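There are two complexes below, and they share subunit A, which is joined by subunit B in the first and by subunit C in the second.
Our next item is the complex of A and B:
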């Protein structure tokens, strides 16, 4: 996957953030350096730091301050991915071996914990307690979201509302606070921070729905892992829930999901994926993602006029059109 | 000083139903947490230090780290229960860590977040080192135990700068003693499993003293559960650990004689009580073994 590079305005600063990301986890331990940088080197969209810097544009923009929010947010996201790969028993991510796969589960746990602690260490360079209160609350919610996701594995009767609450915790919150914290660190007006939070939250919701769609409709090359990974592990996403509301596929899809569960995901899931793709689930999910993007754009309209708004608008559009 | 109630305060976070349903958590580090609580109360350099909060969050971080330590490295297919257990271990550790950050942030204790985060980095470096030696079987039982004790002390040691200078040496000595006690008791539990367990003192002890034939079988992972039980008896692993516990308890008792103030002496004595009971010592800590000379 490549880094988002549609923001000429931030290119120079994002390069600095990129360097800072590497610097921040570099230590004296050779293996820990290697394992920590493994995922970092694989690239990624760096969406969270981008949002922090853009949020910062609405206040007194100071890269030295903002990097103490932008870098920890990306590191926290990375640490959670390293641990997620142990949870999902994933072999590849971003097209290359995961830490747990290249080394083992223990090394992945130590690496994730180390990156997480380095992130907090860097964040504490900022003394404003509000920043830490916002960030830590989101982290608690993220953890709860992950546990709730497991509670709902293979639960084909869960409500759409429950799914939305889950992705709010799992993805949208971190993106929302990325935008908000940029504004808080740059001492923008609280109202601006709140609007940015709303923008980020809605973009985050759309982003996760798009991610769930890509897991079904993308190719292995595009998404860096085999398609159908979610349903294989029992993660019932929005397109599946909508497909289950479609009478034309409900019964055969329920049967396929039951087989996947029985076989612990160690089976061919292509029949289930085809059923979902043939249902109204894909179009309805795309529609909901677009609705979230529209809400994000509404929040954006209420922000003070400045150049960054165009960039934020571009990102919002990019989220629903992306193929990686 | 408020009565010690940190385990009850931690319960609120540890008792999350998904964690309790799907996996087993390691023991609560009660002795070290209680000791930290006593010392922060007795000799904190800062009058406004949140003693209960610091002890609580440190316990959450420790239990998070210990939970992550129990993640297995088994490759291949697992049943649903095993899979959920592993997943919840990962998430429980992350959840406890996020709570530590949140609880401190709510009270504006950013310095403590920094202190504990630095200590978590150190712990993971130590873990990587130990794991590397374990995997290459380059470890003696003594070295294994020494490193485990160090690992178990590390988070708590980070609070040394928070204490009055007059208490620092006593704190470090007692922390080491109690960390030894807790580590050995944990090792006793780990050794009672039915299979050779790489992450246990007994494994390394037997590798130190066993016949060449038994050593080879262990190294090549060819020891059946029934043979492992025999090995534990033959090489007196349990007796060795009991001796280690006795030594650790003796060491704490002799350090305790240097404690000034009856209140503190009694409090610390209570921390030692469970270990004395473990050794089947009759009477309570303060009553007999710990009586001042």
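Our next item is the complex of A and C:
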């Protein structure tokens, strides 16, 4: 998977973050090194560190401080993915075998615990208590979001509001605090941190909706896993909920979902995917993602003038157009 | 399970800690409240908070500060147990159904993640960075210890040293830092904190060895689970390793362990337990536990005179005599 490559001015610093990421998880335990390296090497967009650095541009930018937030945030994200893969029974992620499939569920659980702990250890190099408070609060919310996800598997009756609350916890919060903590670590004014939080929150919501759309409309090559993985595992996303509101597909789609549930996802899901794609669910989801992006841009407008604003605007536009 | 009741002078404060524990995990998520409460209500000796408070007696004792270390330490211990039960496939703990058996593995995993995060959030109320460093370092070591445990299941060729390193990470470190962090939070001299760490570390080692002995020699009523649970799940403890060095039982014991492994623990383990009990393994393990206790008492002797020293001495003696 490619990384975001629209950040010429951050490229050098992001390379250093990448090195720090690898250094941060190296320990003297062979198996944990292997599993953690496997995860890191699988790549990812490193979106959270990028946001941290850009947030830092609004204060006194110091990479040696910012890296102690940027690296932990990426590690926390990674750890949550490993635990997520246990829940989702995912065989691959980003085109690579998951830890739970290359090793097993138990090893995946402790790899996640280990990476969480390494993230926290690294963050303690910064002595600003506000950073730790923001970080641990987000981790509490994230774990609630993960639990919600289990509860809502195959719940076709859930409200849109419930879905939005779930992706808020699962995705948007961590992106929001990435933007904010960059500013906090760079000692920018609190107001700046709050606006960056709002920007990140709305970008994060749009990002997850786009992710959910890609799972239906992307190709296996683009998304690194077979399309329809969400519905296969019972993850009822926004396009599905909207499709269920579309009278033209509701009944047949409910039937398809019931079959998938009965077969524990071990069946062809292409009929369900086609139904969703033929419904108004795709366009309505895209529309909502665009609304979040517009809110992000509004927050951005209120930030002090800074060259980074253009980059943040580019990312916002990229999010709803990305195909990976 | 009874709590330690030898601390007259801490009783009132421990009651407050108990209330704080319940308050600390209460959130607005119903299922997480249920699972966390289930865990808390199952009880436990609350050994870590007791050690924190006693450590605090060596500085300026302030319960309102100490509770922000005492409660997180008990929560971290609890969270590690929930994840442990997933690995061990444990049906009961302390005579109660485990989260993984009352709910399921996935819910247990996220309950653990949630409790870890709540613990950290609470600890951020203290602004001393040293506390966070000590805490997160211990969490890294603990997760390595848990991983080691998986790797060493049914490994009858492991060295005594390997076993000791494992229980150091799994148990002794958290008890060591409980003693130390009490002193740190109460702003005692670093030397005092270090001696308390040494005391706690040695008590913790003895405590785990005693735990491993109880699993073989205790009754189901005493230990809240059927005896022989460790060997059933392939956890090769000190008495087993010593028994394997005893020529009189080595061969038949290896055969029994091979059968248990083959049957995935779903068989009668009483023959294996009897063999270990008939070996020199029990007495040698008791002897080593006593050696650790003596080291703990040595560290204690070097601490400043303080009424609490008597209580710490009592706990040290209690550890190797306890039957629960």
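By definition in this document, the second predicted complex is superposed on the first by the 324 of 324 C-alpha atoms of A that agree within 3 Å, B and C clash if a C-alpha of one lies under 4 Å from a C-alpha of the other, contacts with A are read in each partner's own complex, and residues count from 1 in each chain.
FYI, a residue touches a chain if its C-beta (ideal position, glycine included) is under 8 Å from a C-beta of that chain, and two chains touch if they have at least 3 such contacts.
Because the structure is a prediction, the values reported are computed rather than measured.
Colleague: Assess the superposed three-chain arrangement around subunit A: do subunit B and subunit C clash, or do they fit?
Modeller: clash
Colleague: Taking the superposition on A as described, I'd like to know which of subunit B and subunit C A:264 touches: first, second, both or neither.
Modeller: A:264 contacts subunit B only, not subunit C.
Colleague: On the A-aligned overlay, A:124 touches which partner chain: subunit B = first, subunit C = second, or both, or neither?
Modeller: The answer is both, since A:124 touches subunit B and subunit C.
Colleague: Considering only touches as defined above, state whether A:197 meets subunit B (first), subunit C (second), both or neither.
Modeller: A:197 sits against neither subunit B nor subunit C.
Colleague: Quick check for you: in the superposed arrangement, does A:143 touch first (subunit B), second (subunit C), both or neither?
Modeller: both
Colleague: Using the superposition on A, tell me which residues of subunit A are in contact with subunit B and, in the other complex, with subunit C.
Modeller: The overlap between the subunit B and subunit C interfaces on subunit A comprises residues 27, 29, 31-32, 83, 86-87, 105-107, 109-114, 116-118, 120-121, 123-124, 127, 129, 132-133, 135-137, 139-140, 142-144, 146-148, 150-151.
Colleague: Which part of subunit A faces subunit B closely enough to touch in the complex?
Modeller: Listed in rising order, the residues are 27-29, 31-32, 80, 83, 86-87, 89, 104-107, 109-114, 116-118, 120-121, 123-124, 127, 129, 132-133, 135-137, 139-140, 142-144, 146-148, 150-151, 264, 266.
Colleague: Which part of subunit C faces subunit A closely enough to touch in the complex?
Modeller: Interface residues on subunit C, with respect to subunit A: 27, 29, 31-32, 83, 86-87, 105-107, 109-114, 116-118, 120-121, 123-124, 127, 129, 132-133, 135-137, 139-140, 142-144, 146-148, 150-151.
Colleague: Across the complex, what residues on subunit B touch subunit A?
Modeller: That would be residues 16, 18-19, 22, 65, 68-69, 71-73, 77-80, 83-84, 86-88, 90-91, 93-95, 97-99, 101-102, 104-106, 108, 110-111, 113-114, 117-118, 120-121, 123-125, 127-129, 131-132 of subunit B.
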